[in-house]
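These are the structures, in structure tokens.
What follows is chain A paired twice: with chain B in the first complex and chain C in the second.
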Partner chain A sequence: MKKIIISFFIAALLLCGCVQKEILDDVNLETGVGYDLVKEKIRGTALVPVYQPDKSVDNKTFTASSKLSRDFLNDVQRQSPDPIVTGSLEVVLFGKELSERGILDLIDSFQRDPSVGAGLYLAVVDGESKKIIQGNYGNRGTAIFISNLIRHNMLTKDVPKTNLQLFLSDFYQIGKTSYLPQLKKKGKNQIMISGISLFKYGKVVDTIPGNKMFFFKLLVDNYSEGTTEVKIGKEIAAIQSVQSKNDFKLSRSPRNEVDITLKINAILNEFSGNKVTKKEVGEIEKKFKKDVERECMQMTERFQKQKIDPIGLGHFVKSKTRNFDIKKWWREDYPKLKVNIKADVTITESGVIE
Partner chain B sequence: MDMEQQHTVADKLKVSPFLVFFLIHSMQVGIGVLGFQRIIALTAGYDAWISVIFAGLSIHLILWMMYKIAETVNGDMVSIHTYIYGNKVGKLLSLPFVLYFCLIAVTIMNGFIEVIQVWMFQDLSTFWFSVAFLGLAIYIIYGGFRTVTGIAFFGVILPLYLIFTFFFTFPYADFSNLLPIFDHPIKDLLKASKNMSLTYLGWETLLFYYPFIKDPAKSKKWAHGGVMFTTILYTLLTVTTFAYFSEGQLQKNVWATLTMWKIVQMPFVERFEYIGIANWNIVILPNVCIAIWCASRVLKRTINIKQKKGVILVSLVCLVGANLFKSRNQLNALFTLSGLIGFYLNYVYIPLLFVAVMIIKKVKNQ
Partner chain C sequence: MLNWFTKKNTHSDVKGNLDSYLKRSKDYKQVYYENQKTNQRFCFSFLSSLIDESILEDHALPFLLDKPFEKLEDIKKIVSVADVQISNDPSLIEQKLFNGYVLMTMESDKKNFAFIAAQKEIVRSVTQPEVEFSVIGPKEAFVESLMQNVNLIRKRLPIKELIIEEFTVGSLSKTKVVTLHIDGIADPVNVETIKERIKGVQFDAITDSSYIVQMISDNKNTPFPQLLDTERPDRVTAILAEGKIAVLVDGSPHALIAPTTLVEFFSSFEDYFLNWILSSFFRLIRLFAVAFSILITPVYVATLSYHYELIPKDLMSTLITSRREIPLPPILEALFLELTIELLREAGARLPTKVGQTIGIVGGIVIGTASVEAGLTSNVLLIIVALAALASFTTPVYKMGNAIRLLRFPFLLFAELWGLIGIVFCFCILMTHLIRLTSLNRPFLEPLYPPRLADFKDALVRFPFSQQSQRPQILRSPNPVRFTPPEKKKKTDIDE
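Let's turn to the complex of A and B:
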């Protein structure tokens, strides 16, 4: 018995030094990274927060250029006093030029790395991502600021649900293409979400401007919230969607028509006119319905022309068709597909005043 | 024939019939759960969940046969072999099972070590980890079969909470991925069922600890219950995985179950895989213990080596085996090999034994 105990302790002693330790105070946590295309090379900017004694956060950035994204991390390691670890990465930004050339190789490394979480936010930058990464936005750190910015707009406003998992899932989905939010630097220390970038095989081919994001979200997300404006004559009404549901239906034979029904429950937030009576609400509803149908229609036509499918119509048709032929779908069926959009709008409340 | 062969086990060493539920279930759930989804989806696409149910149901038939065989000879695998082939040949033919269970133990242990090396610590030493792990297994087996059963019990109960962590994937799930149902030919579904059966393996150990079950007739429903629980669990996991990943994406992920944990985020833990993998230690511990126990038991029954010595011997073989396979390709070959042997053992050899035992029984009765 004694022997066993002694040998156990020896084994325990030997095992102690077996693996590399990573103590939180002795590593640099990379929370954000931006990639740009500069002179045919990929320039990466890693963002590391430095926590100050007065609880504020300093943003330190490291920049390096290379052909492979992992190489970039090596170069950056040579500039950093502590090892940089990717475990708490929150946001990854891609510069405009780079995203038009393709970001797949870069995404691959995030997918491969076991320490990177699936809830990571990806975004495209209108301009250079380095400029955004190097900005200072409040005292909680740049990465936290950007990820909070995206999260809150995703949960309560017009940005469709997005993260690394959803991006990859859409990318590999048969009959669907992926999309990411687009950021833009507004002032020296201000950024904003300026639209949605649409991808085709990992390259940005089109961008939906910020004021149309509301309609885009209606098409791609169930239960979306968001705000938009409706113009009636000279008056303007601000409408907030509280709840929405999109329902797809495929026509029987021939199976070349998809009916999309958008059910929207909305409230009236603001109205520039004098009075909001039943008649006015009815008019706003009608106009809003028309707006939604027109905008969504234009959007789907635009997608069909560019042969991208962020709504996942191909995926939808596949789930209704046996022996679905994806090559034929992209080549012949999708451009010819007839999409009918019907909006079903109910304005339930018009605020606390009458 | 000779009745002195009937190896009896003292009552105080036996376990209650309901514990068979945990013995069977814990042995079935091992390292395969972490990544079987990709393999079955490769042949049957997203219809593969049907194969999961089908493969699960097929086990009940084999289990029924196993109970019939064991009841007839009233003993374990070695008794069955001596019943059919006679004393000497029967014992000789039982010896390969020692190697089979060594293979199972090595497969499970190496599979787990690989997971730790890829997901957590790249520089974890295979040798030292297997030394520690086998040491623990020896210590448990020295406590006797009742202790092994206790570990199997906790190996099921303690990690059970992990089921809830998969709810985190629901906001990102798209169940229309599974449509249209039956889009693949029956042949592919059957092929996927065969692949799936590898993940289910482990219930054959019943034939080795059968003499240790108190009132075996009562344990039948618990054995079937254990298998059914595994089937339900695997089916739910498969459907969840298929809804979470798109088909192309799933093919990229070697450990789909672990990758799903990447989305789990709690205020107190940034990345859940670390907790999950650490917990998996408890899941695979009974696997290794039962496998090594079975191997040493066969040694005892055939060439009369004391089980305490047999355990050490088997563990040494496992230790050497564990250090032979290190790279991804070698490990893949190892998994395929043990899977194939297990498949033919369960789906070909046991039905053959069943037929043989039934015929001999008829002949003897006449």
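Let's turn to the complex of A and C:
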């Protein structure tokens, strides 16, 4: 008993210095950060929410420029009354110019910080990220606004799921390249997701516009709840996909052909015509199938031309091929790969009133 | 005035000594009578506080005065009291006098004397259980009289196998302690152990069964009680049938149950009156409440001091705004509130009922809101501490509830020192301690450890009675089968 008590006191004395106390109300929580390239230097803007007694949130930003992202945090610490901690970081934004130069060095610091969660949202900004970070969007704080905006669009709409974990996993995966959603400032206190930025070695090389995101998500994600329009003659039908599944198949030999089957269960949301009969539903299905196949085909061709692979075809082929040569794949095989897309569309509902 | 009696007696020393002591007490009486027929003189000596004088007047004196008798032996025939003993051993006198017997001596026969039983029974009537109240089920609780308590059990178990053995402990109080077990169902090893332990009790005055608990427990350096105490005769009956042993102490309205396990302290006897689904649900709620009550304040302190990353972002603004004006760090804030609650509880328990209620209200409302308004504690913590206190009251056994009250403080200390790791560390210490505990040499943590799957039928949840055909394994009953379950019938379809 004596031994236990003595060892406890020794442990208490020696170990209480090992953990650093960060009492919640005595630290500044950095919830969002934006990076831009200004005059060949990286300018970081840290967002710290200030909680008001009436539970509303004021947004305070600290800006500093430096060569490394960690250095930037040191500069910011010198401006802040309480220590700035990174544990509750929600979003990281990268300006367009910077993301075209490469953002890997910056992401590396988040990857190494144990207090940063893997569910951190990353996004590219069409323009300067500082402008978005400094905006005011509702009274729950800018960072929470942006992260909720991204999350809800990932869960229920057209944006494919990405976060720090998935971005890095795509990046390190052989035969796959990563992608991030792109934000755009729209009006004074409004932002929107304007597309998907496609990366090659940590640099943005291409962007998929907002109206094509639906097809992109069909290709890269297993579940899409997005909406799209189908034009039949004069009439327009709004289609909501409720379930989608993509399936890849590699041809036997020569192994240079991939069949992608997209199985889509959709519902008809809106139709500008008079009546939806079985005949119309059949037509819409047919047209929708054609649209999906065409759009996806264009997209894969575009990827092949750019030598990027957000779908992960390289990874897929690698997993099916012995002695896979990744260098040869990017140089010769991938541009020549034949991709066949087959959509299997079922419209399950067309409204209550028939 | 026992001169004529003591003078020629061989044991005159013993008696003279006793006599001189007793004369100093006011309630010691000696009365002389003469038989009307034979003029035989005789004397009654007794302690008036212990005997019922109406027994003497109605059942002994009329016969002794009117009917002729020559020898002491004769009075057995004429007196209408059943318990009359004749003896010539003066060493018995002290014991008998103090047990409420009347000592009768005759002038003609100085060697022998008779003891006539005339005990006064001051018995509180059987009342409702207060500590272990249940809405449904029997409403009888034990009282302070040992014989009355034995009666409550005996009439519920009218079998010859129910063995009731008596011991006397306490060098001054001479307290009667009885053990009850059902022969053939209780493990003889357990019965021997508890008898040995009771015989080994060395103390001067035993006034309650709680003394016995502390003296016969396996481990004395623990906040956890290792013998279950209950005031419900129905509960005692049920555990006797399981093969456990009960201990009753004269003067105590609480019976002890041994051996027991930790989970038993969180089962209320009302669980057996309710449907098994409901009682299982309530048991789980109680276990959750215990964990909640011990851990929630330490987790608050640990999270706010070390692990702000764990706080959901939607909760962040609530926590930060409530702590904005507080000058104290989380640990002092939590200790302040926890101590306030403990003070309220202690004050409420020590004061008379009516004053106690006022204290509860004053404390709860005034101190709580005032300290939040004064900016000493955050209102989030106030809610947490109040909920933890509420949860700690759900423990059905009062003594275990006290242990739970204490556990929170070491956890708080560790949470402050090392955050969540500290809590885990403290939990490990607690589990090590619990695993080492035994009750009557049987593992206290059973059926969790050692794992006994069969005993889970009546542990964290309670299975229906039809599935409890075996007595608990931990008790090693010589006759482990409670009943033979009927063969399962082949189910017939509804339309057959």
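Quick note on the criterion: the second predicted complex is superposed on the first by the 336 of 354 C-alpha atoms of A that agree within 3 Å, B and C clash if a C-alpha of one lies under 4 Å from a C-alpha of the other, contacts with A are read in each partner's own complex, and residues count from 1 in each chain.
Everything below uses one rule, namely that a residue touches a chain if its C-beta (ideal position, glycine included) is under 8 Å from a C-beta of that chain, and two chains touch if they have at least 3 such contacts.
Note that the structure is a prediction, hence the values are computed from the model and not measured.
Asks: Can A:25 be said to touch chain B (first), chain C (second), both, or neither?
Replies: Only chain C; A:25 stays clear of chain B.
Asks: With the two structures laid over each other on chain A, which partner does A:88 touch: chain B (first), chain C (second), both, or neither?
Replies: Both partners, chain B and chain C.
Asks: With the two structures laid over each other on chain A, which partner does A:187 touch: chain B (first), chain C (second), both, or neither?
Replies: Neither partner.
Asks: Does chain B (first) or chain C (second) touch A:55, or do both, or does neither?
Replies: Second partner only, chain C.
Asks: So, does A:233 touch the first partner chain B, the second partner chain C, both, or neither?
Replies: Neither partner.
Asks: Give one of first, second, both or neither to describe whether A:117 is in contact with chain B, with chain C, with both, or with none.
Replies: So A:117 meets both chain B and chain C here.
Asks: A:254 contacts which: chain B (first), chain C (second), both, neither?
Replies: neither
Asks: For A:168, is the partner it touches chain B (first), chain C (second), both, or none of the two (neither)?
Replies: Only chain B is touched by A:168; chain C is not.
Asks: Counting contacts the way the document defines them, which residues of chain A are shared by the two interfaces, the one with chain B and the one with chain C?
Replies: Chain A residues touching both partners: 15, 19, 87-88, 115, 117.
Asks: State the interface residues of chain B toward chain A in the complex, per the touch definition above.
Replies: 118-125, 128-129, 131-132, 135, 139, 172, 174, 176-177, 179-180, 183, 244-249, 252, 259, 262-263, 265, 270-271, 273
Asks: Per the contact definition, I'd like the list of chain A residues that touch chain B in the complex.
Replies: 4, 8, 11, 14-15, 18-20, 87-88, 111, 114-119, 165-166, 168-174, 176, 315-316, 319-324
Asks: Spell out the part of chain C that touches chain A in their complex, as residue ranges.
Replies: Checking each residue of chain C against chain A gives 221, 303-306, 308-309, 311, 313-314, 316-321, 323-324, 326, 329-330, 417-419, 421.
Asks: Give the list of chain A residues in touch with chain C in this complex.
Replies: 1, 12, 15-16, 19, 21-25, 27, 29, 31, 49, 51-53, 55, 57, 85, 87-88, 90, 115, 117, 140-141, 144, 147
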